[in-house]
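Chain naming follows the written order as A, B, C and D, and within any one chain the residues start at number 1.
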Amino acid sequence: MQRFLNDPDDIVDETVRGFVRAHADRVRLCDGNARVVVARDAPVSGKVGIVTGGGSGHEPAFVGYTGAGMVDATAIGELFSSPTAKSFHDAIKAADGGAGVVVLYGNYAGDNMNVKMASRMAAKDGVEVLTVVANDDVSSAPPEEREKRRGVAGEIFMWKIGGAKAAEGADAAAVRDAAQGAIDACRSVGVGLAPCTLPAVGHPNFSIEAGTMEMGIGHHGEPGTSVTKLGTADEIASEMTRIVLDDHDLPSGTEVAVLVSGLGATPRGELYVLYDRMARDIEDRGLKIHKAYVGDYFTSLEMVGATLTVMALDDERKRLLAASTDCPAFGAA
Amino acid sequence: MQRFLNDPDDIVDETVRGFVRAHADRVRLCDGNARVVVARDAPVSGKVGIVTGGGSGHEPAFVGYTGAGMVDATAIGELFSSPTAKSFHDAIKAADGGAGVVVLYGNYAGDNMNVKMASRMAAKDGVEVLTVVANDDVSSAPPEEREKRRGVAGEIFMWKIGGAKAAEGADAAAVRDAAQGAIDACRSVGVGLAPCTLPAVGHPNFSIEAGTMEMGIGHHGEPGTSVTKLGTADEIASEMTRIVLDDHDLPSGTEVAVLVSGLGATPRGELYVLYDRMARDIEDRGLKIHKAYVGDYFTSLEMVGATLTVMALDDERKRLLAASTDCPAFGAA
Amino acid sequence: MASFPNAGSGGIVRDIAAVIVENRAYLSEIDGKIGDGDHGVNMAKGFGRAAERIAPDASLSDALSTLSDVLMSEIGGSMGPLYGMFFAEMSETVAQDTHIDGARFAAMLRAGLEGIEAVGAAKVGDKTMIDALVPAVEAAEANRSDITAQLREVASAAEAGRDSTTDMVAKLGRAARLGERSRGVPDAGATSCALILRNLCDGAARRLEQG
Amino acid sequence: MASFPNAGSGGIVRDIAAVIVENRAYLSEIDGKIGDGDHGVNMAKGFGRAAERIAPDASLSDALSTLSDVLMSEIGGSMGPLYGMFFAEMSETVAQDTHIDGARFAAMLRAGLEGIEAVGAAKVGDKTMIDALVPAVEAAEANRSDITAQLREVASAAEAGRDSTTDMVAKLGRAARLGERSRGVPDAGATSCALILRNLCDGAARRLEQG
């Protein structure tokens, strides 16, 4: 493994420590829990707290979205593994400014269980906890089983919209509704061209034959919907756009935000090559791109691949998307 | 090659097209030259124009640093190949607001020649052109031959400082001096763990045996100063810090800005693991880290590796570093 | 009636932990075939850490409680809450017992299963640890009166349950999306669960006293 | 004295371009050993595009000018300015000539070399295209009076110059950092330069007229 590695068991602690050290102007470590990162100014008294959390290995997600105007406290799990209930609970406590806390997380078995247990613990402390679970990955279940779908890069939009709504001073229910509305308005798809390796495991956690690709792949290498011959960038981009928009079914004229994220080892230039085709396909379907994000926003270690997320906008979401943010992965550098 | 690719000959054009499409709120294509990207508001009348340029494959560099408060116009070359003199010339014209243009670029044979030719062409148009050539890569030549050293990620600081100085209304000579001061205050080193492949070539452009690493590697895979056994993350981080600071020789108490960039396929979490060690080593040498940047700021396609850049600060550089910027790779998202 | 003492039986949990740590690579390997390949890593980390914190003379209930705490507060993932709740409920059930006989052993396992069911939503046939655990609990309840037979039957019911997962199509968790492609590999969680129950039963059997 | 016509000799440049395009992979391969592996790609793109724009009946000077324009405005890298200036100066030198004899041929090559020297800073022995070009120019000047011999000598001097680079340690460009490791491979630019000069001479030789 050609990687920057000390003891594989220490990766997450070292990553979090380095992260907090690098961005001490915006975040700090939670007192008593080295797996919870808290926005510098959190808790803001009277503001609804925003919490997220998830496994490591997706950097800059989840931790990079901690900061003013976005997430107040982030619980951090092992590589590709949900944070503990205790960490979610500590994050909730750290984010609580007395106006309740909304936990915005992704639909994975571990996260569901740990957030549920943490919410119960927080309820005992007297903290009101509402939750929104992201399920934007269209390939992970058919539309009629949307509750089974995984959460992927659409979570970034959910955090941005929910975080901005909370920053505006909305109450917990309104923040929850805004975040729920954002993720309901999101659809995503991923494609994998080469796998990644968990250092503690030491070999790729799945395989993709050279010359093929896996459409619908998950953020941890969860199998996709089909393995086919590797297409051209244009073919792949068009297929991803088709999958997302067929599921989305937006009326012509709808304004959208588009996010194309690399999975870790895809050259950034290639993301723009994909975007160039996607944008034209999106516009050909009568939609209007209001804002685009292209980069490594939500990765899977060194997987080769990309995800496309399309969020339908309305006036509120446009306002909240434009609101100022200052977290390490999104906003002022 | 598991890559997102159409015709390898079209990559650069497609990347630039996708880039301009995605960030049309901040940049536009130059009239008549699809290899020059111009900041939305450029030229700003009375402001010194900032131009840069370089080969493609380093995204988000160079193009991503085009935007308000940073670079006015960027000339774009083929993968790992200098832009044409014509493109540099067109970028100079696009950036010229009547107060002269400063070209801030990296020390590579092609760029030197093309900038020189472009400056001559611009002089014929009556545009005053000053240049600063970045040579922050300590491994590329001994200190006494600093003029032979390559420019690497320190260029980002040079653009930021030069761009902010120009935005403050300084004249061309003062902008040149600020940018020159910034790059003189920078030292960088890179390490490579696995090579990258130019799509048109089809095989890795150099090789690193598994279990080894190449210290001092260049941004195009230029050979480093030594090939050794792959160290732990901590060992590599300490060695990189040592190389940079031994060359830099800063008085104790100096405030510095630190930039750690991945080379393309390094998981982001690992960059923080490196930073965690580097930051402690930097502080152990009596320096004070004023601001840190960790991410994929200047890549080399899908090379596995990282670079470390340390810039010494003074009050002016601190002010210019903090000045607001809005370019796709740096600043508001 | 035969039973084994609660006091001093914490060693059973340390032995279980040792077996999980030994099977780290294997558990990750089978998880890797249809999941994300981290089951052994997750389990070994939690069980290994817990073993270090269990006092040499700990009771079974204290040892189970320590294990549960580590899983819940340090491991996360799915295993933190699932095994965390499993061992927490087992520990609470026998906390006041000086000796554990067949009836208490069955009650302990039933409580553990209910602990899992309180957080997870798996049913028999979904290709999860539940497929090893449910038949084991049923075997425990069918053999309440003869703990020697019970311990033997529980361990083999768990292993048979584990084996039954090989031919199942996963309906839950990361493997579910594979559909038919998930057939042919035993479930990782069922495999760790069978290892845990086998070593729990063997450890208890070695400590049996005629009462 | 023998000479070849300027008018109608643009085909020589098209032939040169075809040879460069044929050697795309080879030129990249040797650049890849000590440089960044793109020399063939860069060259083939520029020469290939130029060939498409050279009219069938173009003069040598016009064809050289077209080639220079494409290199300078579309290719960039080091080759854009270096070969761009080379061909620009060659083109300007013979633009007014109806026929090119040995003296004019030598003058054309000398001007090309000076064009390169105006932008680059390589000297003989640095392991660059200069090592092929300088002996070729000297051979041209030493054989001004006999163009037939001159064309033969120029081509073989260029090839000998190219071969001399194999044993050199690079002192300029990307390969310079390699030090001793850069020995043993011919320089990519010297190799393309020898190909260009060989085909220029052969093309001119086929067009020679007794004047």
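Keep this in mind: a residue touches a chain if its C-beta (ideal position, glycine included) is under 8 Å from a C-beta of that chain, and two chains touch if they have at least 3 such contacts.
In UniProt terms the chains read A, B = Dihydroxyacetone kinase subunit DhaK; C, D = Dihydroxyacetone kinase subunit L.
Note that this is a predicted model, so its numbers are computed, not measured.
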| item | value |
| --- | --- |
| Touching both chain B and chain C (chains) | A |
Touching chain sets, computed without chain A: B, D | C
| item | value |
| --- | --- |
| Centre-to-centre distance between chain D and chain B (centres being mean Cα positions), rounded to whole Å | 33 |
| Chain centre separation (chain C, chain D; CA means) in Å | 76 |
| Euclidean distance of C-alpha centroids - chain A vs chain D, Å | 55 |
| Set of all touching chain pairs, with the criterion as stated earlier | A-B, A-C, B-D |
| Chain A-touching residues of chain B, taken from the complex the two chains share | 2-6, 11-12, 14-19, 21-23, 25, 56-57, 59-60, 193-194, 196, 208, 210, 213, 230, 232-234, 236-237, 260, 264-277, 279, 291-296, 299, 301-302, 304, 306, 324-325, 330-333 |
| Touching residues on chain B, where the partner in the complex is chain D | 9, 55, 77-87, 109-110, 113-114, 116-117, 139-140, 148, 198, 200-201, 203, 205-206, 218, 220-225 |
| Contact footprint of chain B on chain D as seen in their complex | 28, 32, 36-38, 41-42, 45, 72-82, 84, 119-120, 172-174, 176-178, 181 |
